[in-house]
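Presented sequentially are two complexes of subunit A, the first with subunit B as partner and the second with subunit C.
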Partner chain A sequence: MNRFARRLAWSAVVVWAAVSVAFALNTLLPGDPARMVSGPQARPADVARIREQLGLDRAPLVQYARFWRRLVHLGPRVVERDGAPEHAGCVAVLPLGPSAVHVSLGKSFQMRQPVVEIIAVRLPRTLALAVAGLLVQLSLGVAAGTFAAVRRGAWIDRALVGTSLLGVSAPTFLIALLLQYVFSRQLRWLPLDGFGSTLADHARCLVLPALTLGIYGAAFYTRLVRDEMLVLLRQDWVRTAYAKGLPRWQVVVRHGLRNAAVPVVTALGLDFGSLMGGAIVTETVFRWPGLGELSVRAMLDRDGPVVCGCVVVTAVAIVATNLAVDLVYARLDPRVTVPRAPRTR
Partner chain B sequence: MLDSRAFGRFARSPSGVAGAAIVAALITFALLGPALAGHGPLDSDFARGMGPGGMPVGPGAAFPLGADRLFRDVFARLATAGRLSLLIATAATLIAAALGAFVGIVSGWYEGARVPVPWPAAIGVATGLGALGLGQRGVAAIAAGAGLAAAIWRRSPGPRVDLDALLMRLVDAMLAFPFLLLVMAVGAALDRTSALTMLVTLGATGWLGIARLLRAKTMQVRALDYVEASRALGQSTGQIMLRHVLPNVAGPLIVTATVQVAQMIVADSVLSYLGVGISPPTPTWGRMLLEGQDYYLAAPWLVAAPGLAILLAVWGFNMLGEGLRDAIDPREA
Partner chain C sequence: MPSILGKLESVGAAPAILCAAIAGAGLPGCHEPLAAPLPAGHAPDAAPLRGGTLRLAAWQDVRNLDPAGPSDGLALQAEHLIFSGLVDFDFSGKLSADLADHWEVEEDGRSVVFFLRRGVTMHDGEELTADDVKRSAERALHPTTPDPNASYYAGIVGYDAYTGGRAGHLDGVVVEGRYVVRFRLAEPDATFLPVMAMHTLRPVCRTGGDRYSDTWVPCGAGPFKLLPGGWQRGSALRLVRHEGYFRPGLPRLDAVEWTFNMQTLAQRFRFESGQIDLLRDITQADLSRFAADPRWAPYGTAGADIRVVGEVMNTRVPPFDRVEVRRAVAAAIDRAHYRTLKPAYMTVLSQLLPPGAPGYDPGVPGQRYDYAAALEHMRKAGYPYDPATGRGGWPEPVVYPLFDGGTLVYTAQLLQQDLAKIGLRLVLRMMSWPAFLATQQRPGGAAISQAGWEMDYPDPSSYFDPLFATSSIGVESSNNASFYSNPTFDDLIARAHREVDANRRAALYREASAILSDDAPWAFVYAYHEYYLRQPYVREFALHPVWTLDLTRTWVDRATGTPGSERAP
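Coming up: the complex of A and B.
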């Protein structure tokens, strides 16, 4: 429990540091958000007024302190759009007597909307894409990896391993363009990009981005499962299982795959964390309005509060899944750690 | 490291040989391509490049890989962009490898220990951060620089800091930050136009995985007897790191760096594709793809050429890395 508390404390430090980096970047970057908001034709006096409204005239340290003080605080029970300006970017999450607990990441410079609301709209979309993408890559990767391991050394094994390296080498936007060409331009089965307006539309629009993420990620899982299964299938208990007359697929599934689940679940957890920050490239190519697409646009628009908000969500997601995976893993198998490098999708 | 036996293992690894061949072909293409092309990468040839209906002509005698929408030679642009892309990826990887090796070795060496930081350095860093927060960038730079200079000049013992924990939490925090956003932000801070800013940006953000790997390797090496022996013989910590630790972690470093080149090529082309890479008209593979994708039904070569180039380059370096891993570190294969 002590170990857990320490891990938790360090996780909080990492989130704090990531958000601080985001904050520092926002203040250090060249360019003037007030000028971006007011437009190129605005008079200097107007630019100054907007700068004051956005709180950009204060020293960065003051803005920074204000950001954290504002993150969770108490305020009136109902937040009115045109109410008190100090609660303009707030969302009341938990009523508490006459007042309520407010959560605020500030107000977007460009969209004039509380950042919490903007993120709340987009988070489910990114979640849907992450889950769908992970499902695709899991099923593709486990199937190919198992197959390659069972047929070790055969041409199909070499082909699958070679293809997986090719898959790792294909940037997501290449996969995306290829899928768009085949399924949207040629076959006309699925929409090219976008989000749609009905639930069925959303589902149809989700297929290609999910496939893109899945194909890209499956390559990694193929290798992981194959390497794991090669070790597992050499174990004595597998020979015993064959000896007592179990059919091959039962040996592979029950005595092999089940034991390979631990590293796969670990990798899945870590992937989920990084996907929750938004698959920036995939979302941009398919115009899927999730967090990744939001964060890129906010960065280009110098919309500081939105960038910070996206970083908060990403950092919390990554740190939380890392923590969860560590805890689950420590319980299941205290020996191994899975190192990962940052990937671009 | 790469002795004759390791070379034999590399030569027997099919992916290593194929990767080396692809990489060699790419380098040749990038070096000789611009000279072989009949056109400059930025020259529009309206006379021969324009086909019927104002569309660019396809691959043929005048343009080996066709012409683009502005009737420029795709072959020349591809080679010029490749030269740039390979240069950026390699240089960025060198920066990232140097940074990652430094942080990883220092972190791994001091793991579990508290390191005294000289007072001037501590005060300089603190003042620098404070001044940065108050919006005094000039003061911040002067304070941090003066602190560092004073620290190097006079080594006075100061507060003891868990350097390893500090560095690793920094790595964790940067890993928890969306990688592309980080690159875009650093790129924007550096004005994000030239190849130089591009490679500095990628190098400054790409060292995290290398640092983690080398920290683990350093912790293995520092426990070995000959490190103890060289310390008993009176070598300083810096000497031991350079002469004993670095050579022993060089194998994994080279393997990771090779794969990292592939990642850098991806990152570079992704940034260009998203429109935040090197500014036009300088050709880049990512930007050529972006500009070509609207015409890929009428002019498929506009997408196929840069797309295949990116795929081949990344694949080649990945396979080369795999072959090197088989050769250098056979146990981990």
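Coming up: the complex of A and C.
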């Protein structure tokens, strides 16, 4: 429990550091958020008024302190949409008697919506794309990598390795354009881009971006699994398993693939964390309205609250994924433990 | 169902995929043929039909649909469909009555009285009254409203007290009857009526309240209305016909649907298959192909040249603090060369006002490409340059900031070549758009950079005042990015602002324009206009000279149902 608490504390430090760096960069980089809101043709007097309305006329340190004070604070137990303006964009996360702990990421300068609401809409879309993309990556990559390792040196092995090299080398946008051309433009099976308005539409719209991420990532997993499996299948215990008369598929799956899963899980954790930050190119090409497209646009618009909101979500996702990966390690390989810190007397 | 391979074979997919890959990589030289235009259902002279949905797409997004809130070019086009104003501009660019039946200018131009049409129904079913006009004005100009255009109305009596929070109401807007409202001005202002045609003070429904709110569903008296849920931010906007629109029989369309953030290649694919009906964002390569195809030639529409683009020279920063160096730059730029980059969109420009702006006079002495004169100006400035030896000129390299957007990355290289021929060596420095703006608009920031400007309302003052008046120089940022200050010029445009006689006003602006061309705080380079392609079944579509899109009279006349199996998501 102590170890878990320490990990949690470190995670909080990581999130704090990431958000602080994002805040500092967004504040200190040249460019006036008020000008970006007003537009390039707005008169200086109007820009100045909007700067004041946004609180950007305050010193950066004051803005920073206000950001953290607003991020976690106490407020009414129930947040009403048209209630007190200072709690308009809050989410009550922990009831405490008549009050509650509120989390608020502020309001977007550009979209003028609470950032929590914007992210609440976008996050499930990014999550769906990340999960679907990883599923494609894993299923294609693990199957191809295992098959190539088992048929080492055969033409199928060389073909799969060559194809995976092509997949790793191809830019995502190129894969995306090819898929769009074939499946949307020519075959008309799937939407060219977009998100859709019904669950069935969402599913149809998800296929091509997920395939794009999947094909790109599968190439990596193919090579990773193949290399791991080649080493594992030469181990003594594998020979022993064969000697015991186990069928080949059981040896490969139970003794090879299970042990190859540790590096795969590591890579998967890292991939999932970065995909939760948004697959920027894929989201842009397919007009998939997720966090990646949002964060890039916010950065270009100097929309500080959205930038910081996206960084909070991404940092939390990466930290949480890493924690989860550690737990899965222990399940996959009981030898993986972290030594306890010596007790001091 | 045929196999995938069979189907791929039947469409000749292998070379096409290669083409798509090459096109996607931005490389020229490989194209599949354009689809044929989709036919209309009736003869060209057929009577207009009501009904149908017009579908458009854009590569960018709209930020806001409230006329009092922050806006952008695309949002203005959508707002124009939702909100009508007391006055507006017709398709010839002339000021005309809209929600006002007529108006009267009184007290030597210090007061304008608007007489509203009776029986105008807003989108919420309520009748438009003078109270709504006053409430909408106060809502837009309230100190808490994030209105980027508020200061345009600073001439209204009581503006300072109201926007400063010292008065509860805007005294200069007076309701004089259910359908009569008076705007009192501190002094005569020839630009007041054009400014009133802007979207900012357009009447909003009573649901909009008397204070700006980010959660309000935009509601006005325009030809189209927004239903709750009709706007998915970052994705799509659907407007439906306002059945109570005050012009009988209009609009003709049932609905207008916009899809946002769509890549240009995806737009072209959808346009060719009839899934969108108008194509706005077109690469120059695609545009050349459409223009060269006789089947498509009749279906291109160019808008008015209302955007001026020029090279801004900071008159406070060497070497452009010397007028002869600025004149040399203005004479050294081969404008026709620029135009070859995007000929369908660009018009060579020699003066501040572009051809589509009111007051444009081709007879105004402007800036011209004259290489010999440019060298002579450099000699007069004290930096003679010898093209034969490459010696002389300004001794230091000059930083030219730019951002990755539009044609700037290409025109910058042309400028670099042109100025090198007179001894000015530019160093191109790429930066983000916000950083570029901050650099350009800050005193002592960029020595030379490119700027574009589009009129906010159709009047010469919308170009002259913000770009070159001394009063437009701010402490932190300036629209007058050349930091040009000339008392004679300031006096001319101030007089033009007050002058109500059209001929005398035009003469003042002609004189001011000639001063600018000679003093050269900008080298005026080209004017820019919108260009749309339409399918033949889109009828009575024309680009508005001010607002670009006005779909009040447009109708769709498809010969067949919606082609293509894909539903537009």
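As a convention for this text, the second predicted complex is superposed on the first by the 296 of 345 C-alpha atoms of A that agree within 3 Å, B and C clash if a C-alpha of one lies under 4 Å from a C-alpha of the other, contacts with A are read in each partner's own complex, and residues count from 1 in each chain.
Keep this in mind: contacts are C-beta pairs under 8 Å (C-beta built on N, C-alpha and C of every residue); 3 or more make two chains touch, one makes a residue touch a chain.
It should be emphasised that the depicted structure is a prediction, and the values quoted were computed from it without experimental measurement.
Engineer: Contacts for A:P60 in the overlay, against subunit B (first) and subunit C (second): which applies, first, second, both or neither?
Structural biologist: Touch status of A:P60: first partner only.
Engineer: I'd like to know which partner A:L29 touches here: subunit B for first, subunit C for second, both or neither.
Structural biologist: Both subunit B and subunit C are touched by A:L29.
Engineer: With both complexes superposed on chain A, which partner does A:A42 reach: first (subunit B), second (subunit C), both or neither?
Structural biologist: second
Engineer: Once the structures are superposed on A, label A:W10 by its partner contacts, choosing first (subunit B), second (subunit C), both or neither.
Structural biologist: First partner only.
Engineer: In the overlaid three-chain picture, which partner chain does A:Y181 touch, first (subunit B) or second (subunit C), both, or neither?
Structural biologist: Touch status of A:Y181: both partners.
Engineer: Which of the two partners, first being subunit B and second being subunit C, lies in contact with A:R287: first, second, both, or neither?
Structural biologist: Only subunit C is touched by A:R287; subunit B is not.
Engineer: In the overlaid three-chain picture, which partner chain does A:A18 touch, first (subunit B) or second (subunit C), both, or neither?
Structural biologist: First partner only.
Engineer: Could you tell me if A:S169 is touching subunit B, subunit C, both of them or neither one (first, second, both, neither)?
Structural biologist: First partner only, subunit B.
Engineer: Touching A:T314, do we find subunit B (first), subunit C (second), both, or neither?
Structural biologist: First partner only.
Engineer: Of the residues on subunit A, which ones does subunit B touch that subunit C also touches?
Structural biologist: 29-31, 173-174, 177, 181, 185, 284, 300
Engineer: With touch defined as at the start, can you tell me which subunit A residues reach subunit B in the complex?
Structural biologist: Touching subunit B: residues 10, 13-15, 17-18, 21-22, 24-25, 27-31, 59-61, 64, 162, 165-166, 168-171, 173-174, 177, 181, 185, 277-278, 280-281, 284, 292, 295-296, 299-300, 307, 310-311, 314-315, 318-319, 339-344 of subunit A.
Engineer: Tell me, which parts of subunit A touch subunit C in their complex?
Structural biologist: 29-33, 35-50, 53, 81-82, 107, 110-113, 173-174, 177-178, 180-182, 184-188, 190-197, 201, 204-205, 284-285, 287, 289, 293-294, 297, 300-302
Engineer: Across the complex, what residues on subunit C touch subunit A?
Structural biologist: Those residues of subunit C that touch subunit A are 4, 7-8, 11, 13, 16-17, 20-21, 23-25, 61, 63-64, 69-72, 143-144, 146-152, 163, 214-215, 232-235, 259, 261-263, 265-266, 269-270, 431-435, 437-439, 441, 453-454, 456, 466, 472, 474-479, 564-569.
Engineer: Touching subunit A in the complex: which residues of subunit B?
Structural biologist: On the subunit B side, the touching residues are 15, 130, 132-135, 137, 169-170, 172-182, 184-186, 188-189, 191, 208-209, 212-213, 216, 262-263, 266-267, 269-270, 273-274, 276, 289, 293, 296-297, 303, 307, 310-311, 314-315, 318-319, 322.
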